[in-house]
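Structures given as structure tokens follow.
Next come two complexes, and both contain chain A; in the first it sits with chain B, in the second with chain C.
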Partner chain A sequence: MSIDQQSTPYPGESTSGRLGSFMRAMFAVVWKDLSAELRSRELISAMLVFALLVILIFNFALDLDPASRREPTITAGVLWVIFVFAGTLGLNRSMAVEKDRGCMDGLLLAPVDRSAIYFGKVIGNLVFMLMVEIIVLPIYSLLYNVNLFNPGLLLVILLGSIGYVAVGTLLAAMAVQARTRDILLPILLFPVVLPVILAAVKASTGFLDGSEMEMILPWLNLLIVYDIIFSAVAFMVFDYVVEE
Partner chain B sequence: MISVRKLIKRFGLKTVLRGLDFEVEQGEFVALLGPNGAGKTTFLRILASLSRPSMGGVKIAGYRLPDQAAAVRRRLGVVSHQPLLYGDLTAEENLKFYGRMYSINTLDARVKEVLDLVGLTARRRDLVRTFSRGMQQRLAIGRAVLHDPDVMLFDEPHTGLDQDASAMLDTVLREVAARGRTVVMTSHDLARAADLASRFDVISRGVIGASVRRDEIDPNDLLAFYRGALQES
Partner chain C sequence: MNSKPRLLTILDVVTVLLLLVASYMVFFYAPQEAVMGDVQRVFYFHVASGWVGMLGFIGAAVSGIIYLIKKDRKWDIVGLAAVEIGIAFIFINIVTGSIWARPIWNTWWTWDPRLTTATVMLLIYLAYLMLRQGIEDPDRRARFGAVYAIIGSLSVPLTYFSARIFRTIHPVVIGSGDPSATGSFDMTPMMTQAFMFSLFTFTFIFIDLFWHRIRLGQKTDHVEQLRLKTME
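Let's look at the complex of A and B:
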């Protein structure tokens, strides 16, 4: 990137530094993803319908009595299965849009650090996932008669979603190159993201059953460490993942 | 402006480019001709920094690839047979998005200027997915010239266009070349290449088999020159 700073600016080019162009490119990708999705509503509606169907399927498949429905272990488990499955659908679609119309090449041709593209896609995917979660939580609360408006649980959902999307976006960028991308992404993603799901389910259960903070803290720490490590790894390897 | 030395590109066991040498001066319009599978698109993707060379040296505007790829990308405009545009954004939004990716400060003015250049001002607020193939390709050229690049790469830009759309694209291509940009265009269409380019290079079996300038050949002899180059390689 030092070359960027040494080279002569072209007409109308911003002369702000490396961080400025990184942030501008990152938020351009976020703006582009959100604007396109606001118009088409393909991704959100697919994720949402899928999430609601999973809630219904679990409702019938588990055939739980009213008391068991409010069990924190069951609530946390079902919630994270919904988030993970719906999230996978969104991750696949988000990268497929770039690949199918050749737009990924358009992004890669921009003279910016390619990790700006990665973080832009991560933020966009995270927004979509959080939107689905915001809609799913009250519906789940209503159907299963359980109070999910717990600040601790919401923090776990945020941290878990960040970890899931950070890894998922990187692996989706890899999987989208393959013809079998739809089945390849879950196969690649689920084993890698297992620590996030485990920590998220344990921490969610802890907050729902009112456990002591010292019991929950190790799981929260695991989520935070996972988020940081995988964001850093993706920052370093994304350039190689997307290059031919 | 472009200097390529002994370029080799392998995909696994298959060698697509076999020690290709290529030189282009500033302001030249080079038509890169060749049959399917000759390595034209692979070569263009390497010039565009979308693919890494297996061996050999590539320099564009004095910058080496792949080490100085970001500096090269800043000076490149690329148009392929895919428009690289987002169907759910308007023409204006697509250009503004790419303008932000290139950190263009005076973006609104530049987008307006480019929409005028490609003749899409009246459709600037329409979604790109409602555009015909020809209009999408014109907007793709607008996207590629937005940051005023020194070098333009066109990969079979006429693919899928009807006669009218191709003629309109030719007009835009001539305007791009008239502004002194260096242009490399791959094409199967010899007549169209003869009409636009100032130099014709034939790529075959991963090397440049022959090269001739427009003032050295009668355009009617281009087909014979092309066939001769393929037979010799």
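Let's look at the complex of A and C:
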């Protein structure tokens, strides 16, 4: 009987059906974000130009002479500052567009699990952030004459971005509903996300430095633990954030 | 919204008396520390106010969880009260610590795990207050406050662990300490008594302030409801 039934997206039919509809809802949100971005190119271009400006400012602010430019600690620190600032810009915008024209209300009316919306937004934001990072890395390598093509570094960037976006999406959903929404997100996000930045900078420095795996592993573990804890908790409390 | 409970008045008096006795013990009863001298006396209230700060933040996270489950405004008031008291005492903790660190570590500040964690705690809960300020709808304000208190309370221990992987110079007086920490010392029995008494006193201060702040929160809530009623 259930075979000839079309896979209806109603939750609660069977375990596999529920998972299937969850995945479909999630990727629908991701696809919506990606196709909107593909047409407007507002978010990525803003994040990217901003990232380039931060690179420029750091060049003068730290007055980087060629020797210290290649210091792994400086490279890792500057890179993560760029990612964090550009990421804040993207997170705020991606939630503000949902709020502005009542898109969020429309999304919430859809008969899908709300955590599907959360994970959809997280994946969308993660894709934007990774795209910016992928473009920034070669530009940074070129401008500062350091080789950043290190598989370990790429792994750290992926893990760090997951943690950052997981908690950032949740907090951005809260920030856009406040009166002071333009200034609120960094204030909410930075102190909470500090452990992930600390671990990411340390692990990046380790990989750029060519340290032994023993030295880097605690930081990688910390990043993974952070990613898991914050995705799980954000998943549990997201309902309360979007509830009307 | 009735008059002040008798028990609260008694608690006020007891707390003030305890604070007087604790101050006496810190300044006169406890012996002078051999190496550091009188500046070591900061330690008693420094640790005690850190303890109260921790209590406040744990209280905020727990009442946040209860609020999200029960949706009772009472727990929102409790959470806000806990955060406000926590901020005040963690600030006292940081300032007294800096006063001690200037002669002992020869600097006002270092990015040691405990100092970093205390600062991050302060920043998280300042952000909590700013978040609440930006939201008018009381139910949403309560929900967001609860969510942020939970997220913040998860982040604080993680900050501590990540900063801990660095070498620390902060002395660990209670429990096994690293002997290489600068400014460590062993407590004599009289020091321990003064210290324990300070902890005890500050716990009383916490309960007393907490009670007062919750009453204030209830009254604010009541006034707001009355105002909405007259506006209708």
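By definition in this document, the second predicted complex is superposed on the first by the 228 of 244 C-alpha atoms of A that agree within 3 Å, B and C clash if a C-alpha of one lies under 4 Å from a C-alpha of the other, contacts with A are read in each partner's own complex, and residues count from 1 in each chain.
Just so we're on the same page, a contact is a pair of C-beta atoms (placed from the backbone, for glycine too) under 8 Å apart; a residue touches a chain by one contact, two chains touch by 3 or more.
Note that this is a predicted model, so its numbers are computed, not measured.
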{"item": "Touching partner for A:W31 - first (chain B), second (chain C), both, neither", "value": "first"}
{"item": "Which superposed partner A:M23 touches (first chain B, second chain C, both, neither)", "value": "neither"}
{"item": "Which of chain B and chain C A:A199 touches, first, second, both or neither", "value": "second"}
{"item": "Touched partner set for A:L171, first chain B, second chain C, both or neither", "value": "second"}
{"item": "Which superposed partner A:L130 touches (first chain B, second chain C, both, neither)", "value": "neither"}
{"item": "Touching partner for A:R39 - first (chain B), second (chain C), both, neither", "value": "first"}
{"item": "A:G102 touches, of chain B and chain C: first, second, both or neither?", "value": "first"}
{"item": "Chain B versus chain C as contact partner of A:L154, first or second or both or neither", "value": "neither"}
{"item": "Touching partner for A:E243 - first (chain B), second (chain C), both, neither", "value": "both"}
{"item": "Contact residues of chain A, present in both the chain B and the chain C interface", "value": "243"}
{"item": "Chain A-facing residues of chain C, complex", "value": "68, 120, 123-124, 127, 130-131, 133-136, 140, 143-144, 146-148, 150-152, 154-155, 158-159, 161-163, 165"}
{"item": "Chain B residues within the chain A interface of the complex", "value": "45, 48-52, 63, 68, 70-71, 73-76, 78, 80, 82-89, 93, 97-98, 100-107, 109-110, 127, 143, 147-149"}
{"item": "Touching residues (chain side chain A, partner chain B) in the complex", "value": "1, 3-4, 6-7, 10-16, 20-21, 24-25, 27-29, 31-32, 35-37, 39-40, 97, 101-103, 105-113, 243-244"}
{"item": "Complex contacts: residues of chain A adjacent to chain C", "value": "167, 170-171, 174-175, 177-181, 184, 187-188, 190-195, 198-199, 202, 218-219, 222, 225-226, 229-230, 233-234, 237, 240-241, 243"}
